[in-house]
Amino acid sequence: MIQFKNVVKTYPGGVQALKGINLTIEQGEFVAIIGLSGAGKSTLIRSINQMHQITGGELIVDGQDVSKLSGEALRRFRRNIGMVFQSFNLVKRTTVIKNVLAARVADMPLWKSMLGIYSKSDKILALEALDKVGILEKAYVRADMLSGGQQQRVALARCLAQKPQIILADEPVASLDPLTSQQVMEDFVKVNRDLNITVIANMHHVDIATKYSKRIIGIKAGEIVFDGPSSELTNDHLTEIYGRNLQRDDFMGVE
Amino acid sequence: MKWLKNLIRPEPLVLGNGKIVQPKMSIMVILVPIFIVAILFSAYIIEFDIFILLRRGYQFFVIVGRMIPPDWSYFPEVIGPLVETIMMSIFGTLLGAFLSLPLAFLSSDNIIKNKVFLWTNRMVVSLFRTLPILIFAFILKYIFGIGTFAGTLAIALFTWLIMTKMLYEIIETVDMGPFEAIESSGASRLRAFIVSIVPQILGQYISIALYNFEMNVRSAAILGYVGAGGIGLLLNEKLGWRRYDQVGLILFALLVTVYVIESISRLIRTRLS
Amino acid sequence: MSENILKMYKKRPKDWIVKWGSFLVIALLIAVSVPYVDYNGLTDYGQEIAKSIIFGIIQPDLSLLFDFSKTEAVPYLLLETACIAFLGTLVGSVLALPFAFISSRNIVPKWVATIGTFFITVVRTFPAFVYGLMFIRVTGPGPFTGALTLAVSGIGMTAKLYVETIEDLDKGIIEALDASGCNAIQKIRYGIIPQLMSNFASITIYRFEINVKNASILGLVGAGGIGYPLISAIGAFRWSDAGTLLFGLIVLVLIIEYGSGRLRRKLATGL
């Protein structure tokens, strides 16, 4: 369970990205966060694994206040949280399997990780993760040989190889075409359903968010302006979230 | 021995759902031993001697140290050979660049359809292109005697060949539409080339000529060593006499020259592209 | 002719300025540089030399070319040249690493990088031959000096190319490792090194290609390899031997260029 209690994030320049967020997300939920760029979506997601340090309030993940964590304790905490990025963030010039195995590095003794010696169980875990996202046969191919959608699946497999409780996805499909986006989103849904992993995703496109996520959080200028089931999200809400009428750019074009 | 066998043929991995994956052998299994053998073998061939290095290696820094400060009073005597070096590079590059256009025309596979002729041209170009400029100069010195002519010709020859290769690679990527249009209007292939392809490659042509000029100034600095003119003669002489302060000045003058030429050349090249 | 056409004709681009300008610049450059080229005609035996050398390249002396037992024959000389280039390149590419990192603007403060870049530029300005002239006075004649020369003279260009790769680093991968709980050393090992490795390898192979050519001329100062036998053959008027040695050198360089091109393409695309 993730609990935001009046969470505030002020950047060094004085910009307030989060203005007292209160939010509870149960284990196994699928949550999409929507809003304009610069509204604080990315800050919200990145505060959960403390990629962005919060400056006020409490953020409790599975009973511990994460804002108090640092050093080794913070790294140990982060191992339970997978993260997927808009730009995939893979090492393009190495093989897929090595990219996935990188997720195991943080759990390995230092000398083993320096030499790159993975245990048999780690290798199997990585292959199983690839199998779950349906690209097992690409395991020994170089990552730059893959299409964008396949690369994002590798990134998702890398997450899974971490055996996370929570997956944070920062605009996971924003740089993919509509068809591939849907396939990748199906994978997220599958992972969420089969493994009971909490998925929290920032979404640029409203239609993708409402199609795949049961719960929508709308955020505007660092404050939550909508939080509810996607079925209850009306056009009025959207106008409020976006501060304007929706435009074509806000949709990806899926039915 | 089990680990060795595992390196060469890793054991298959069985996934939880029963699928079997055969991992590939790491390329490092082959590369690492080859590298170690190659290093040891080379060290043996070149008579690698760590003790000489430890005992004498610091001497290099002593020499460099003695170049500072350079002997500024020597500067007037450097100007002449330095200008000579630059002029050799200018004329050599111009000549080479000028000659490279027709030869590149005769070596482009989208212009010349006769395969035998094409590959003969290319082979001659790459055969001689591989030779270092200093060896050209050394041979030409015997043919034309000591002096700047041999050096200039060496630069021209080298530039000619290397620019021919760079140019035909460019020509082979141009848009052939205009060429075909003009050829179909009854013009000869040469005329069609001049009218339709030369304008397309002109910018790149000047750019690579300038790039070669930069390279040539650097190499021209050493041609004097084999008696082919320029500042290289002085450099060798002063090193022989251990006048390191004067060597320092020569190197400094060269550094400034190369820097200025590169800056100008780079300015023109960025404006061209 | 209608008025409109005349009007357009008057508006035609004034590219004659550029044309005549370029023509003038080139004419000027020729006029200035020609007086420095002193042509004294062929030497007495010039024609004969030219003929013999070309003949020697076209028809190499096979006994010299395929004699694997003597150290004066072509195979050993080429092997020595390649070994000098190989070790020189390897050591040079390692020596270039620290210089590359202290010259990369995304790793160190800007003023440090500026100093590093200045150093690299200075080292890069002088051809390997100049370093050879200096090193021969340090470690004496022999192939070891040749390798040492290449190691030091290669720092400039290698480091410059390394810097371009380092400044291109994708920080996203480091972010991803950070999010999965890796410490600083692990981030370098898995985030930075794998990204740099293939480019660095490619740069090193390219430098090897250049160093083979460099190694072939270092013999002129006595630093081993095929250069010295080559100039002594020419100096002693043994033209066909010279031609044979040149033939060997050409073959070596072509093979290495081909192999280097293949390898670098493989590194770049993984095919």
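As written, the chains take the letters A, B and C, and residue 1 is the first residue of each chain.
In the analysis below, a residue touches a chain if its C-beta (ideal position, glycine included) is under 8 Å from a C-beta of that chain, and two chains touch if they have at least 3 such contacts.
This is a predicted model, so every value here is computed, not measured.
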Exercise. What graph shape do the protein chains here make by touch: line, ring, star, complete or other?
Worked result: complete
Exercise. From subunit B, which chain is the farthest off, judged by mean CA positions?
Worked result: A
Exercise. Where the CA atoms of subunit A average out and where those of subunit B average out, how many Å apart are those spots?
Worked result: 49
Exercise. With chain centres defined as C-alpha means, what is the inter-centre distance between subunit B and subunit C in Å?
Worked result: 5
Exercise. For the complex, which residues does subunit B have touching subunit A?
Worked result: 13-17, 19, 21, 23-24
Exercise. Which residues of subunit C touch subunit B in the complex?
Worked result: 26, 29-30, 32-43, 45-47, 49-50, 53, 57, 79-80, 83-84, 86-87, 90, 121-122, 125-127, 129-130, 133-135, 137-140, 142-144, 146-148, 152, 213-214, 216-217, 220, 224, 227, 230-231, 234, 242, 246, 249-250, 253-254, 257
For this session: Provide the residue numbers of subunit B that touch subunit C in the complex, in ascending order.
Result: 38-39, 41-43, 45-49, 52-53, 56-57, 59-60, 63-64, 83-84, 87-88, 90-91, 94, 126-128, 130-132, 134-135, 138-139, 142-145, 147-149, 152, 218-219, 221-222, 225-226, 235-236, 239, 251, 254-255, 258-259
Exercise. What part of subunit A is in contact with subunit C in the complex they form?
Worked result: 49, 51, 72, 74-79, 81-83, 85, 87-91, 93-94, 98, 102-103, 105-106, 110, 113-114, 116, 142, 144-145, 155, 158, 162, 168
Exercise. Once bound in the complex, which stretches of subunit C touch subunit A?
Worked result: 170, 172-173, 175-183, 185-186, 189-191, 194-195, 197-198, 269-270
